[in-house]
Every structure is written in C-alpha cells, then in structure tokens.
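In the two complexes that follow, subunit A is the common piece, with subunit B as its partner first and subunit C second.
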Partner chain A sequence: MTKPGYILVKLVEVAVIFFIILTALFFLFRLSPGDPMSKMVDPMLTPEDMAHLIEQMGLDRPLWEQYLIYVKNFLTGSFGFSFHYGEPVSHIIVDKLKWTILLFTTSTVLAAFAGIFLGKIAAWHKGSHLDNVMSISALVCYTLFIPWFALLLLWILGFKLGLFPLGGVLSPQLWVGNASLLVRILDVLHHLMLPLMTLFIINLGSYLLLMRSSMLSVLREDYIITARAKGLSEKVIRNKHAAQNAALPVITSVGLSLAFSINGGALTEQIFTWPGIGKELIFAVSNNDYPLAQACFLLIALVVLVANLIVDLLYAWLDPRITY
Partner chain B sequence: MLNKYSLQRFYKGWQIFIENPLGKTGVIILVVFMFMAIASFFVPLIGPMYDPMTGIDPDIRVSTGPSLTHWLGTDNVGRDLFAQLLEGAKVAFIVGLSAAFISIVIGTLVGMVAGYTGGLLDAFLMRTADIIMVLPSLVILLILASLFGQFNIWIIVFIIAIMRWPAVSRVIRSQTLSLKHRPFIEASRVAGASHLRIIFRHIMPNVLPLAFLYMTFRVTAAILVEAALSFLGFGDPSQVSWGMMLQWVWKSGHMFQAPYWLIPPGMCISLLTLAFYLLGRAMDEVLDPRLRKEGQA
Partner chain C sequence: MQQIQKTKKNQSSKWCKTVCRLLLPAIFLMVITGALLSCNKSEESVFLKIGLPEEPRSLNIWLATDGNSRNILSQIYQPLFHRHPQTLEIIPWLAKEDAIFDEKALTYTVKLRKAKWSDGSDFTSEDVLFTKQLFFDFKIPRYYSKWQLIEKVEAPDAHTVVFYLKQPSAIFMSRIMTAPIVSKKEWEQVAKDALATEKPLRSLQDYQVEKPLGTGPFILHEYQKGAYLHMTKNPYFFGQGKTIAGLDLGPYVDNLLFTIYGTSDVAILALKKGDIDYYWWDVQPGYIKDLEENTSIDLHFNKKSALYYLGFNLRRPPFDDKVLRQAVATVVDKQFILNRILQDYGNPMHSIIPSGNHFWHNPDVRRYGDGLDQEQRIKAAWQMLADAGYSWKVPPVNADGTVAKPSDILLPSGEAMAKFVILTPPADYDPKRAFTGTMIQEWLRQLGLPAFARPMSFNSLLETVKGKHDFDAFVLGYGKLDLDPDYLAAFFSSENDNPRDWNMSGYRNPDFDTLAQAQRLMVDVAKRKQMIWTMQEMILEDVPYYPLYNPHIIEATVNRRFTGWVEKVDGIGSIWSLCMVKPVK
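Now for the complex of A and B:
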C-alpha cells in the first residue's frame, strides 16, 4: 500500500470507530433510567427556552430522527447548554481545554525526555548500584496511587512548607489588577508546579522502565557488536546506535498509555482544582450536568483516537522497516 | 490431571520464582495483606465499636490520632481507622481478583475463538478489542455512573472486567495462532474432533498458563480503578474501601490535619499494586527463560 493510501485507511478507521462511540453514547442516554428530555434540557429553564431547546435537539421527534439531529449537532459543534453554567457547552469546553493541554503536554514531554535519558543510563550500567537505585525508584513511582501521591505533595509542599498554591490556576488579585504579562505567566507556572510534578513523577517511572528494557534488548542486537567491532566509541554506540532505536517503543507507548494518563490526569486536575477537561467531567458527573458530561466524554474519546492515529503514523515514519 | 511430571515442573517453577528477589518481595507483601484481609473478619467480633462501617466510639466525636483503643486513630465520626484499613484489604482482594478473573475468562475465550476461526469473526473481535483497549476505563465508569446512578461493588467489578479483557485476548489469540497448525491439533482434527473440543480440550490447556500470568497484571489495574472511582465519590457507598477512606479524609477536610488518616490507605493501595506488579514480573521470568538469563548475566 502506498503512503497516502495507508494514511487514508487509518483515517477512515478512526472515523468509523468514533462514529460507533458516538452512537453507543446516544443509546446509553436513552437506555438509562429517567426521561432523556430531563437529561438534555435544563429543568430550571423557562418554558419558552425549553421549547426552543427541545425543538433544536428534536427531542419530540421519533428516535431515528433524534439520532440524525444528534449526529448533525455533533458535526456542527453544538452540544446543547450546560445546566450549571447556562452557556453553550462548546464555549466551556474550549475554555477548559487550554489548561488541560498545558498540563498534559508539559508533563508528558518532560517525563518522556527524562525517562528516555535516565533509562538509557540505567540500561548502560546494568546491574550497578546506579541502575538498581534508578529501577527501584522508577518502579515505586510507577505503582504510586496517583490521588494519594497528589494529596501528599499538596499536604507537604503546599500546606506544610507553603511553597506552592493549594489549587487553581491563577491568583485572582493579579488578574483583576493590571499586573504585567510576565508576572501573570509566572503566576500560572507557580500554580502549575504541583500538578505537573505529580504527573511528571508518575509518568517518569513508566517511561524509565520501558526505555531500560527496550535499550537492554537493543544492546543484544548484532549491529551493536558490529559497531563495537568497527571501533566506534562507546558514547557513539550508546547514544546513536542503541538509544535512538530503543526510544521507538517508548514513543509509541505515549499513545498507547494515553488511556492510563487520562485517568491520572483527571484525578490530578480534580485534586489541584486545575480547571481542565478532566475536572470538568467529574464536576458534570457529580452535578448531573448531562450535556457537559457528554461533550467532555466525546472530546476525550476523540483525543484518544487521534493520538493513537498519530502514533501509528509517527511510528511508520520513524521506523523505516515498517512498510505500508 | 496432576501427574508426577507436572508437579515437578511446578516445583521447579516455584523455586525459580521464589529465588527471584522481585518475586520474593512481592510474595511477602502479598502475604501481609492476606493476613490483614483475614483479620478483617475477626475485628468486628471484638465489639460493635470496631465495625468498619457502622461502629462508632461513643466517647469520640472528632477525628483523633492513634491510641491504645484505636491503633490508627478514628475518623471524624469516631469509626476505627485500623478496622477500616483491614476491611479495605479484603475489598481490594475481592475486587482485584474477581475483576481479573472475569476479564481473563472473557479474554481467553475471545482470544481462542478469534485465533482459531480467523477470517471476519477474528477481524471483528480484534477491532472491538482495539476500541475498548484505548478507552480510559475511569472516564467510562464516570459517564456510566452519571447516567445510571451509584453502582454497587459487583457492577463496578463487572464493568472493570469488561474494560480489561482486550489485552489478554490479543496475547491468547497469537498463542492460539501458533498452536493452530501444530501436529497434535491437526491430528485431532483428522480424528474427527469438533471445533469446540479442539478449542477447549487441546488449545485451552496450552494457553491457560499465559492467561494466569496476565491475570496478575489485571488485578493491579482493577484495584486502581476501583480505588480511583471510590476516591472521586462514585464508589459503592455501603462498602468501606481504601479509595473510600481517602475520599472521606479529603471531603471532610481532614487531609492537612490527620496524617494518620491520610497516609495508611494510599500506602496500602500503592504497596498492593507494587506486590502484584512484582509477582507478574517474576512469573514472566519463570515462563520465559530468555528473561531469566538476562537477569543472571
């Protein structure tokens, strides 16, 4: 198969899977106990507004028509109105998404780089004290229960030592007043530190262990012996020949473990009251804000699928042995 | 079934397993937690005050630190934290083992059928597995909880199992594929064995060890998801668990005042996860001789 052909097949696949999830969610909403009307229309609205919303979502029509309208609404980005905020759900999502992206990408990228770097060193010095210390600490980081670890950090670094704010994303007084941009950015970074540290440490553990075992298996390959026989320096063998190939599975695992990271991310956001999608989903679920919960869920599903698609394509691009 | 040969093989495997420092550590931690789980049956017998859910110390109205009557202290309504911790060990084992077992059963069946039949059914089953595999189970449980209300513990176990079979089925499928064309399978087919008989009589015994290896990893995942769900307040409200204890210390605003309440449950979850992970790694080495060599070199 040609390269564009492969990409096209993958794209269609993702679209089909997402469509299945979308459909499943539609039927789950109708299968669950209670009136679907009460799940999509805020009971606190005035009768006129209610009638308007029911009309817009076709809730008075037959099921198959409701379904078509649901798909159409999704494609045009209208998810209804949040019960709690009284605003279009799409506005809220866009507003929260930037905070999740900030936390998620910084922690993942930093942890992946640090994990690849440290895992490389651990594998290179296999069996030494350094390796043992690093592997065992990585194992402990990897098995820590995320909410508990987050609460401990919050308690010690936030409450006892007072180094970091206890929650939120910015200090209100700075944003009401006319503080300079730099001060505001520093303020956000200050708030970012604790949730970032939590996710960084947890992710670091798994990336380090993965890089270590991947590097160990690469070091057994014949081309490493060839490189040695050619008289290349140990540093070149380690960094160029071994580490570059060993890092491949680590990069794919970023995509494959995304489901795990999203669970952890939601818990972390909730504990540090970081106003992202995960916290919003938990909030919506606790307060029966169905339209908001639905939109958060679909967004998360979409992100997971797209990320896996990117990893597939990236892997094919990084590893020349993979043919389409 | 159990002849001398298989007993010997089991004994040899056990020796490799227990000589492995990872396996040893895992087993020790696990035994401690098993004792805790067993002890949880006896603690309420001491007196109604020590019931993990309903026992209230009449003299205590606020959360107090460790004392002789309450080894780990009490929560803010006067319930004994140590009793809750023991009960949590029991619940963790029940949740982890049963969810893992169900997911292993589903995963093994699907994997064997997909690998043995091949074709369209195989493609369909494996695509389904792919979809389920990438979905975050906690998020799914949250959305289901919002639609269907609070779940009891067995429904949570079942949903976790449904979310967790795909990885098992992939491994079992590839194992089945490699078994499918072995002479003994061909022979039984020629002898007129039905497909079902081949799958259950000849393929299953050969894939089961692998399935049980995967079970140890599933246990960890199930315990973590249940704990996270309870922590967020969507667990079974009639059931004490470690996640629930963390939810209570957090929601009652005691997390900065009561380290004796905050630290033990989370530490137990982390240690039990670690124990099952170590166990899985050690079993990996028993089943895969290549890894063993690497460990010794």
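Now for the complex of A and C:
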C-alpha cells in the first residue's frame, strides 16, 4: 500500500471507531441508574419541579430524538450546556484542560525523558550498584500509592518545611494585589512543583523499567557485538546503536500516556486542589451531567485515537524495517 | 572487558554528579521563588480567608443548588425575612418590621427598609413584584410551588408590598418570605430574553452572572475559576451599624477570600498552618483530638437540622406489619451508634424533627428500647413479635429467659419470613450510614430476622427507593432540613406516595393526612405546634421511618486573627457570622 493510501485507510478507521464511541457513550449514560435529578435529595423540590427541570433539559423526549439532537449538535460543533454549571461545555473543558495539560502532560513528558535517560544508564550498568539502586527505586516509585505519597509530600514539603503551597494553582492574596506578570508566572510554577514532583516520581518508575528492559534485550543483539568489534566507542554504541532501537516500545507507551494525560487524575487533582479535568469527569459521571461527561469522554477518545495514529506513523518512520 | 567496566564505573559516578547538579539548583530556585512570592502577598489582616470543600457551581442564583454556591450567594441576595440565629423565629431583614396579617382579607402587608442595591440604586417594592413574577413566569423550582399560594402582589408605594393569599398559609413567613429578592435592574432583560426561547427556565439558568447585584453585606469583587473568589464589603449594606437579632451588625472585615481545598486532610493542614481562618465544612471526628491540642484553633460544636433514619417499605411484607417495625425499632441501639459510629459527636434522635429545631421538636414521642441493654432489647422485641403471632423454630429467648441464637422465624400466617435487604449508601459515600446498616443487620439477626445490609451506589439507591419503590428497608438521611416542619407532610402524606415523590415508605394514614393538610392552613403558631407534635407522635407510633441519630456539626476556626463567630443550629457558617467576625486587636 502507498503511504497516502495507508494514512487514508487509518483516518477512515479512526472516524468509524469515533462514531461508535460517540453512540456508545450516549446510550451508556442513559442506561446508567438515575438521571440528573436523582441526587437532588431536597424535600423543597416537588415532583412537579423535577418534571419541569427534566423537561427543560430535554430529557423527557424519546431516546431516539435525544440521540439525533446529540449527533446533530456534535456535527455542528456544539456540546451543549452543562446541566450543573449552566455553562457551555466547551468553556468548562477549555478552562480545565489548560491546567490538566500544564500538570499531567508536563509530568508525563518529563518523566518519559528522565525514564528513558535513566533506564538507558541502568541497563548499561547492569548488575552494578547504580543499576540496583535505580531499579529498586523505580519499582518503589511504580508501586507508590498516589494519595498516600501525595499527602506525604504535602505534609513534609508543604506543611512541615513550608517550601511549597498546600494546593491550588495560585496564591489568591498575591493575585488580588498588584503582582506583576512575572511574579504571577513564578507563583503558578511554585504551585505546580509539588503535584508535578508527585506525578513525575510515580511516572518515572514505569518508563525507567520499560527502557531498561528494552535496552537489555537490545544489548544482547548481534549488531551490538558487531559495533564493538568495529571498534566504535562505548558512547556511540550505547546512544546510537542500543538506545535508539530500545526506545521504540517506550515511545509507543509515551504516546499513549500523553494522550491519556488529558484525562487528568481525579485523586491527584483532589489532593492538590488542581482544577483539572479528571475530577470534573468523575463528578459529571456520578451526577449524570450528560453533556459534560459525554464531551470529556469524546475528547479523550479523540486524542487517544489520534495519538495511536501518530504512533503508528512514527513507528514506521523510526524503524525502517516497517513498511506500509 | 576490564577497560569497559572501568569506563562504565566512571560514567556512573558522572551521572550521579550530573543528576545532583541539576536537582539541587532546581530545589534551591524553588525555595527562593517561594520566599520572593511570600514577600509579594498583600497585607494579611484585611482578608478573612475561608476554605471551601468544592468550587461554587454557579453564581446564577436560579441554578445554584449546591451548598458552596449558596454560601457565597447568601452574602449577596437577601430575603425579606430571616431566621433569628438563636430563637429561630422569623425576623424582619429587608423588611422594616413584622408583616401585618389581615385575617379577613387574607393579606400580609410588608413594609420595606430603605435599602440599596450594591450598585447604589434603590431597593423598592418593584423588585419584590419583579421577583414574584420571575417565580411565576419561569416556574422556578423550590419557589414556584410555594409562591402559588399567592393570589396577587401589590405595591401601594415604593416601600410597601401587600401579598394577597388564596388561603391561609402556615408556611407563608417561613417559606415564602425567606426567598431571595433579586434586582429588577439586573434580571429584567435576562428574563425577557429567556422567555423568548424554547426552554425559558434553562435559558435563565444558563445565563452567566459575572457580578451579582445584591443587598447583602458583601459583593463579588473577583472570581478566578478554579482558584479563588474574592468578596469585598458592600458599602450600601442596609444592616451596617444596625442592631438586628440582638447583634450589632458589621461587617467588620473588608475582604473575604474563598479558596478551595479538595480534601479535609489538606484543609486541616491549611488551618493549622494559618493559610485559612475558617474551613466552611464539617470537621470529621478523626481530626478533633489533633485540633484540640492546637491552641490557635477553636472548635465549634453545634446541633444540625438533620435527620438520619431507618426507613421501611410499608407497601409489602414483611414491613407492612406495624408490630414488626416497632420490634425492629426496639432492637436498634442508638446509643451504640452514637458511641461507636459517631464517636459521641452527635445525639440519638427520638423524634422525626431534630432536637436542634427546639420549637417544633416533640420530646415526648414514643421511645423504643429506651434505657434497655442489648439483651433486654431482644427480649422486649421478641415478646412484641410473639404476642403478634410470630414464631421461631428456635426462639431468641429460651424458656428460662436466657437469650439464644434463633433460627427460622415464621410470620403470623405460618409462612417463613423471606430474607430482606437493608439498603445503605456505600462506605466511601457515607461510612456512618453504611456501618449503621451493618449494625442493624446484626441486631436483627439476633432476633432471628433474615436481614441483609447491602451498600448500593447513591444514584441506584435513590432510584430503587424513591423512583421504583422496590426495596424492603433503607438507611438514608437529610443533612440539612428546613427549619419549618412542613416536610413532615411531604414525607408522610398519602398524596405523596408516588414514584419519585417524597413519601418513600408508602405511609398511608387518613388521620395523619388530615392533620398534615390542616397544619398548612393554620396561621396560629401555638395551634400549629400542637398539630406538628401530634404528627410526630403518630409517626413514632406507626414507625414508617425510625429516626436514628443527628450528628453534630463540627467546625474549626483559627483564633489568632479573627473572633466573633455566631454559634447557631447548622453551624457558624452563615451571614450572621460574616457580619459579626472582627479582627483580633
């Protein structure tokens, strides 16, 4: 198959899968118990009030009619208004997404770079003290329980030592004053450090271990022995011949992690009071805020599908053995 | 080979050094940044810093139903009448004096204060008329159903409003006059635009309010979503310098700064660190010991207008039998629940109206198993059931009067009692209710009843209990009940025994229905009180719900910078406190 032909087929595949997800999401939410009014345990709210609200949300219409409106809205680029916030869903997502990308995507990228770098070193020094320390540390990081670790860091670095703020994205007292732009940027970075550190440490473990094992299998390949026999320097063998090949499976993992990073993380967001999309997603699902929940999931699905496509194409570019 | 290993060893120490070189300056830089930033902060003393557990969902008062939004908006939008924080009586607020009731004409005449909106414009009777029209035009939930009692509203002058009722109403003052009044200026155009749409209410609720216009003590200065909400003192607040409810109202602080803390753990750390002065949420009993040891933190314990109860499905066996319900009530050890599950931070509940609501609460209702130990409870319950015709293969009480492990209870008809389920919310939603369900299951098994406690997701639980009526028993609660006892009628009137309606138990008692109707029309408070007391007695006799406990509301404040919090039912977090809190000199 030609390259453009391959890309076209992949794009059609993505579109079909996305439409299936779009439909499945709609019906899954409608089949889940309750409706947006279920959790309103307020005796002041009469059944007439509830019926009126349901009608105003358009949920009294037949399911097929709701589905057609949903598809039509999607095709016209409208996600509707959140039942709970009364705000356009697109505004809410954009609002939250910037904070999610800042924290989760940054931590994934940093952890991936550091993991590849340190995994390469650990594998290169296999069996040494350095390798042992790195591997055990990576295993510990990988198995850390996020809430416990996050609270521990908050308690030590934020509360006991007072080095970092106890959560949030900025210092309100600084922002209500006349702080300069630079100070505000520094303030956000200061707030970012603790959650970033938590996620970085937790993500680092998996990338390091993945890179190490991939590198170890590459180091056993004949072409590494050939490279040594050719008299190439250790640095060239490690960085050019071994690491580049070993990084392939790691890149796949990083690509998908990056895509899923927009999903955020409800626990991390909750503990650090980070206004990201993860907590919002959980809230929207548990409160049957259909427009918001659907839009969040569609966004995640879209990014994951596109990331998969990019990884597929990137793989072929990185590994000359793969052809279309 | 040796050469390779030597090279690798040198390299590994090189990597360590590189990592240290990168990490240490980064940490140092961050510490310096923190120090620089703290120098940039505004003068602390002028800000009363309040932590919220979640972000307010909306600043649109017609959409805001969550506690956090209401906490913010209650500082802005004000009603004509308010509840006295101590006596709980309805007292004039935006109204100048008590409403004058004309029994013959069925009118309430309300004189308004000469108050101003936060933009300096006058608050007049036109605003009251407009608010009423808004309720009617949009059928605004929670308000419309109550305001329907009003035939018409007239404004003879700018500061007088006359409400004409269709019939006498006991809830006129407590439910209608306590509704927030909005500014015609702010909402007129919005309402006009919304009415022209296909879904008027939804359009009204979707309107984005940037700067709400109110008559309350504070105004919204800035809202950074996801970060903070800054309110400043309203220079036009009508209560400033006045004595209302025996309190010399402020506000005495210029700024309120609301920040969000996602978990109680972090909020408590913030309190201890002094990052906030008050956390507007319940402190869980697990934190209390630690906070009590901290001299800079004050704990406030107040009663809650809440109801946590065991409910039965009276529509089907086995709980269609009153005696069985009474026997179940007898074996439930409320003191145990209080001691072990609530850790003594609460009260056992005896009537369906919480004891904190002291005017309406009837303390003399029938009590089950009061003062008995567990063995005596089982014997008493066994006796009640045996007298009603229940039997056991092995009874819970032996012939010699000792308690035994029972088996196979039979209904009076001789059929074996089928196993039944007590639904509870899951432990991650509310551990107290989940554990209470498990304890009740154990107590009932000691009586030989085939009870099974089953936690269920809250959505499914409500759908099953309220929507489908497909249940045997459940443990649920209301965290914040209105102080007017009219909810008794909502919970237990036969007319409300419909799917999704409030009579979840399916209680049907014509005498109760008559009283429930009559109390709504009774304007004489003393007579209505008598009716409400009788209704409570009926409920505790028939036991469609069995009240279990009422937890205290426990709140924490930092005492170094502010003082003057107003203690009341449902806690210190209220407009009263925010009007009275003063900086410590």
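Please note the rule applied: the second predicted complex is superposed on the first by the 272 of 324 C-alpha atoms of A that agree within 3 Å, B and C clash if a C-alpha of one lies under 4 Å from a C-alpha of the other, contacts with A are read in each partner's own complex, and residues count from 1 in each chain.
Rule of thumb we're sticking to: a residue touches a chain if its C-beta (ideal position, glycine included) is under 8 Å from a C-beta of that chain, and two chains touch if they have at least 3 such contacts.
In this text, all values refer to a predicted model and were calculated from it rather than measured experimentally.
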By the touch definition at the top of the document, which applies to A:170: first (subunit B), second (subunit C), both, or neither? second
Applying the document's definition of touch, where does A:155 land relative to subunit B and subunit C: first, second, both, or neither? both
Given the superposition on chain A, which partner contacts more residues in subunit A: subunit B or subunit C? C
Have a look at where A:44 lands relative to subunit B and subunit C in the superposition and call it first, second, both or neither. second
Quick one: is A:306 in contact with subunit B, with subunit C, with both, or with neither? Answer first, second, both or neither. neither
Check whether A:84 is in contact with subunit B, with subunit C, with both or with neither, and answer first, second, both or neither. second
Taking the superposition as given, does A:270 touch the first partner, subunit B, the second, subunit C, both, or neither? both
Figure out whether A:121 sits in contact with subunit B (first) or subunit C (second), or with both, or with neither. second
May I ask you to decide whether A:224 touches subunit B, subunit C, both, or neither, giving the answer as first, second, both or neither? neither
Contacts for A:32 in the overlay, against subunit B (first) and subunit C (second): which applies, first, second, both or neither? both
Do subunit B and subunit C land on any of the same subunit A residues, and which? 32-33, 39, 151, 154-155, 159, 270-271, 286, 288
Touch list for subunit B against partner subunit A, complex: 127, 130-131, 133-139, 142-149, 220, 224-225, 227-228, 231-234, 246, 250, 255-256, 259, 262-263, 265-267, 269-270, 273-274, 277-278, 294
Sort out for me which residues of subunit A touch subunit C in the complex. 32-34, 38-50, 52-53, 56-58, 81, 84-87, 95-96, 99, 121, 124-125, 128-130, 151, 154-155, 158-159, 162-177, 179, 183, 186-187, 189-190, 193, 234, 269-275, 279, 286, 288
Under the definition above, what is the set of subunit A residues touching subunit B in their complex? 17, 20-21, 25, 28-29, 32-33, 39, 139-140, 142-149, 151-152, 154-155, 159, 216, 256, 258-260, 262-263, 266-267, 270-271, 281-282, 284-286, 288, 290, 293-294, 297, 300-301, 304-305, 308
Which positions of subunit C touch subunit A when the two form their complex? 4, 7-9, 11-12, 15-16, 30-31, 33-34, 36-37, 40-42, 44, 47, 49, 55, 57-58, 60, 63, 65, 139, 141-142, 144-145, 199-202, 205-208, 221-222, 224-228, 230, 255, 257, 259-263, 265-266, 269-270, 272-273, 275, 457-460, 462-463, 467, 476, 478, 481-482, 487, 490-491, 498, 500-502
